[in-house]
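In the two assemblies presented below, chain A is common to both, partnered first by chain B and then by chain C.
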Partner chain A sequence: MKILEPKNLAHALKMKAENNRAEPIAGGTDLLASWSAGAEKPAVIILLPGLAELSGIRLNNGYIRIGACTTHAELASNPIITRHLPALAAAAAGIGAPAVRNMGTLGGNLVCPSPAADLPPVLLAFDAEAVAGSTAGERVVPFSEFFIDYRKVDLKEDELLLAVRIPVPADGIKSYFRKVGSRKSQTLAKVSLAARARVEQGKVIHSAFAAGSVGPTVVRLKETEALVESKQLDLEIIEQACKEAEKEICPIDDIRSTASYRRFALNGMVREFLEMLLPI
Partner chain B sequence: MEVAVNRRWNVNGQEIEVTFNSGDRLLDVLRNDLGLMGAKEGCGEGECGACSVLINGELKLSCLQLAAVLSDGTAILTAEGIENTRQGPLLQETANRNGAVQCGYCTPGMMVAMYWLMEHPKIPAGQGLSGNLCRCTGYKALIDTVDECRRILAGKKDGDMT
Partner chain C sequence: MYKVIGRHHIRKDGAAKVTGKAKFTADLHFPNCLYAAIRHSEHAHARIKGIDIAPALQMNGVAAVITGNDFHSNKWGNVIQDMPFLANDRVRYLGDAVVAVAAETLELARNAAQAVRIEYEPLPAIFDPSESLAGEAPLLGVNDNTVVRHHTSTGDVQKSESDSDEVVDLLFETPFIEHSYLEPEAAWAVPDQENGVTVYLSTQHPYSARRAVAQALGLDLNEVTIIQPPIGGGFGGKDDNASLVAARAAMLAAKTGRPVKLVLTREESFLESYKRHPYKMHYRLGARKDGTFTFLQAEIIADAGAYASMSPFVTWRSAVQAAGPYRFDSVWADMLAVYTNNTYTGAMRGFGSPQVCFAVESAVDELASKLKIDPVRMRLNNVYRQGDVTPTGQVLGGHVVSLTQVLERAARKSGWPGPNTGSDRALGIACSYRGVSLGAEGADQCYAVVTVSPDGSVDLAVGVAENGQGLNTAMALIAAEALGCNLDRVRVHPAGTHMCPDGGPTVASRGTIAGGNAVLDAALKIRAQMDKAAQRFDAGNATFEELAGVCDKMKVGLSEVGHWSAPPTSWDGKTGKGDAYFTWVYGCQVADVRVDVRGQKVRVERVTAVHDLGKVIYPQGAKGQVTGGVVMGLGYALMEDAVHEQGRLKSYNFDRYKIPRTTDAPVIDVEFIENPDKAGPFGAKSLGEPTCEITAPAIANAIARAVGARVVKLPITPERIRQAIAGGDYK
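== the complex of A and B ==
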């Protein structure tokens, strides 16, 4: 395995342009686990740790920009994230266990995402965008288009994922993240839900729901969103929304759970979020 | 094809130079090249914590760490290095007193994780050890050890040695 050690981002992008099949490595948690399980090692890897351009969390022009090499531990504790995007901090705080969170990165969770990955539902629910880079420049792709299919994303072979940018949520937005697994730590989601909404005069405005582990890739629950939009929130609407959410996912039975439990749990999470929005 | 990689690290307080294969995990380099057998291969996929080490002060898993990623100057602490740290003897003594060991397989990884938790007192002990699997002593003795070490360290800071 040949190792390429770029000096800066421009150097790394040039390496990727010249070696399309070179595998970028940051925390390495997914890659090394797959090698242990017997996957073939790539012929060439590009080391990303230490590239300043890929680290850091900044508030700029109404966006929060998070470098792709930001670790889950940083996401969980960074004051910009805990203040503006508590759902993202909560999702990051629930990944693996402390040592995994000190290693694994935001970018790694997104470039070859398991359907059960924890961060994609939050990014999708908050209209986040991927910032891809190549020697030709930056390309911004909304996550609604970035996640294409099972472990397939819109990243070209000469591109690196540089960052994620998320519009700063307006004041008064309520957000939600929950992962249902078999234990608190070191668990993969049986099903997960990220959501956000605002309530004005009892009506739900601009809600977004995104569920993980219920299909080949993360999905927005558009029918559910449409059903509650501008409606006076009451127990009857909540009941309808929970049923709608169950209908618009296509989960499977697998080693971690069953399709019927996944529907049941998603129903409960949609209910939990919407009940949180009811006046006290 | 593997390529030789050369690195200069500080391992358990010693400056060392080591040459290994580009695809080697830190766990392989520690055990095969440096003779440090504390870090163990339990699951080999980041689930059990038996290979825990500190890299530049952060708790990490040496089975998921590609050695070549660690640049010159990286500081690594393994279970073998704990006794020579300032707070290591307190941790060892407290773990002994609490009987926080049984078969011993998880112990080196546990000691590293507990040492890290002594330096990160805000993380609840149980949560902090959630990535380290122990299947014989149970966690009470381990959690008690972390909590007791933290109480002793906090007391020392206030100048109260009782």
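== the complex of A and C ==
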């Protein structure tokens, strides 16, 4: 295996342009595990850690921009994230064990995402965008288009994922993330839900729900969102929303859970979030 | 009254373990060594038509390639010798090892192992134990596919059933369970200057490994030395498979004359190593209106997998304890273990009890619920009392039968009955009796060698092994108490077959009672010599150290071999009768469980564990046993499941095989009841396994009380709770 060590981002993009099949590697928490499990190793890898352009979390022009090499541990504790995107911090804090959170990165969680990955639902629910880069320049793709299919994303052969940018949520937005696994920590989601909404005069405004592990990629629950939009929030509408959420997903039975349980648990989480919005 | 036992001490190996100084087998290094790799089967059942090792041997840096044909004898097994060191005619499960390679680097050894050409003829395979006995099933055993059958009965079940006002009829199922020791199997085989070999081995039974290596290489027992470095857990799992690993490494060392390192990866460990038996258990229990039990009928089938391993003994304990600690007018229990082409199953903490405890304790609660009797009262009405007779005809006596005591204490301590049924929070209770040590399984004895040197320091070697449970500290405490010296004077040497005669396996919760009795015997002999010397030489006021010096000068020998042989037990396999165990222990646990109604996720908030262990020798060790046992039991209850599909494990590592983490652990409230037993050192008997066998049923009973539906299949996942509530799983 040939290991390329770029000096800076421009250098890395050049390497990727010259060698499309080179595999970029950051924390290695996915790749190393899959190689030791027998997956074919790439002939060339590009080491991303240490590239200043891929690190850091900044507030800029109404966006929060997060470098692709930001670790889960940083996401979980960064003051900008914990203040503006507590759901993202919570999702990052629940990934793997401390060793994985210290090594694994945001970019790694997104470029070849398992349907059960923890960060995509939050990004999708907060209208985040992927910033891809190549020698030709930057390209911004909303995550609603970025996640194409099972472990397939809109990233071209000569591109690297540079960053994620998320519009700073307006004041008063309530957010939610929960993953249901087989134990309390270090667990893969059987089903997960990220959500956000604002309540104005008892009405739900601009809600977003994104569920993980219920299909080949993370999905926005558009029907559920439409159902509650501008509606007076009460127990009846909550009941309808839960039912709608169950209806609009297509989960499967697999080693981790069953389709029926996934629907049931998603129902519970939608209910939990909406009840959180009810006036006390 | 005791000076050292029962008091707080820092464990002997504590500092070395927490500072990283402890060297585990894989941490050792020997110069001029080779690295070994294993090639496993590609079929669950196949005939091996040919093995061509030439492509591997030709590779530069490959020192040796061995197959089953290289062994002096290619048969192994502690009970039935049906297991090869390397399969050479037939593979019987996917974990069968076929070829072993030693090479200059590990990578080279692995590549060479893959380069060997193996030709298979696939054979029909069986994965469901209930199909194993069908006429058309392929033959996996010698005459048929039965590994063993045990039967016990007393009274007349039919008559007792007609005396019953209420009967429950339930079909329970438990899964394959991985031991999940932190350290996978590891061996260093080092040829010695004579004909023999020394193997540093992660094992909980060095003497069994010595027999295996001697048999494999055609050596005398004294030509094989097994040394146990610090070990990262065993839980019953570091026996048969550790011996196979030792024999393969030793054969490669013998062939090459060089030290050989063989360490399994976690995936190989999952693949090869035996699991806890999955059981299917059909239980029927009856009672009169007043809650008095009438009969229990149990029909149990265990999946033994590819090899017999400890199945004959594991299932014997299940048969003996099948009816739980209760008086029934009649009991009928039938226990069958059959071969399949799944991973073989063997000893694991509990040894046949976790399965039947889950069934009996769940069934008792179902009966209580039908009769609207409180589960604690139901148990108190029916548990054995002093002098009662077990289904095998054994009179429970000679020790305190403390079931009532542990039940009442656990109930009071846990705040029984807790919240009202139907809330999301509930308590669940389970209790058990457990035969101590090996019982009528086999010769039960142990040795210890104790030497007091002229400076008053003490060397101790014992025939049982430190598996991480704190055994060495307990042994040192017993020696110090009996000798009258300080704990820090006693050094316990790592278990080695050259240090002490064969003390039997460190299993069956027998470490303290077997090892401790042997240590006590040696120490008391020495103390008697010292007391005599003190009198003779007028050294009554001498310190222990001074007296040791006097004894040396006056040629008073202060080195002794201690021996313990278990009190008699008996068993008649035909009638299923006998005094199965020489003494028993009793325990009760209450689980306080919260069920999240939104996700039907279970959170175990607290477990109250009350165990009568005779006498506490080493308090932190004892507490550690309970803590570990409860958490292991929690994993059994809620998440662990080594699913097989067509003989293939669905998970080969802990990313998918879920065990509890500290975040899942409940508050564990431990209390020991001490009824000293004359059979034990200072009255101490057993603890390791009782702690692990009743947690799952206590949790199961709590969940059933909380949600009003019973899950009869472990693990109790939210999916199964949901199904049970919907009426799917409930019978």
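Heads up, the rule we're going with is that the second predicted complex is superposed on the first by the 280 of 280 C-alpha atoms of A that agree within 3 Å, B and C clash if a C-alpha of one lies under 4 Å from a C-alpha of the other, contacts with A are read in each partner's own complex, and residues count from 1 in each chain.
As a working rule, a residue touches a chain if its C-beta (ideal position, glycine included) is under 8 Å from a C-beta of that chain, and two chains touch if they have at least 3 such contacts.
Because the structure is predicted, anything quoted here is derived from the model rather than measured.
Trainee: Pick one for A:28: touches chain B only (first), chain C only (second), both, or neither.
Mentor: Touch partner of A:28: chain B, not chain C.
Trainee: Identify the partner contact of A:255: answer first if only chain B is touched, second if only chain C is, both if each is, neither if none is.
Mentor: In the superposition, A:255 touches chain C alone.
Trainee: With the two complexes superposed on chain A, say which partner A:3 touches: chain B (first), chain C (second), both, or neither.
Mentor: A:3: touches chain B, not chain C.
Trainee: A:134 in the overlay: touching chain B, chain C, both, or neither? Say first, second, both or neither.
Mentor: Neither chain B nor chain C is touched by A:134.
Trainee: Looking at the overlay, what does A:269 touch: chain B (first), chain C (second), both, or neither?
Mentor: second
Trainee: Examine A:180 and indicate which partner it touches, taking first as chain B and second as chain C; both and neither are also allowed.
Mentor: second
Trainee: In the superposed model, which partner reaches more residues of chain A, chain B or chain C?
Mentor: The larger set of chain A residues in touch belongs to B.
Trainee: Of all the chain A residues, which ones make contact with chain B and with chain C?
Mentor: Residues 33, 37, 184-186 of chain A touch both chain B and chain C.
Trainee: Enumerate the contact residues on chain C facing chain A in the complex.
Mentor: 267, 596-601, 603, 638-639, 643, 650-651, 655-656, 658, 660-661, 663-664, 717-719, 722
Trainee: Could you list, by residue number, the parts of chain A that touch chain C in their complex?
Mentor: 33, 37, 180, 182-188, 255, 257-258, 260-261, 264-265, 268-269, 271-272
Trainee: Which residues of chain B touch chain A in the complex?
Mentor: 1-3, 5, 22-23, 25, 44-47, 49, 52, 58-61, 63-66, 68-69, 71, 113, 116, 123, 127-128, 130-132
Trainee: Chain B touches which residues of chain A in the complex?
Mentor: For chain A paired with chain B, touching residues are 1-3, 25, 27-29, 31-33, 35-37, 41, 45, 47, 49-50, 73, 96-100, 102-103, 184-186.
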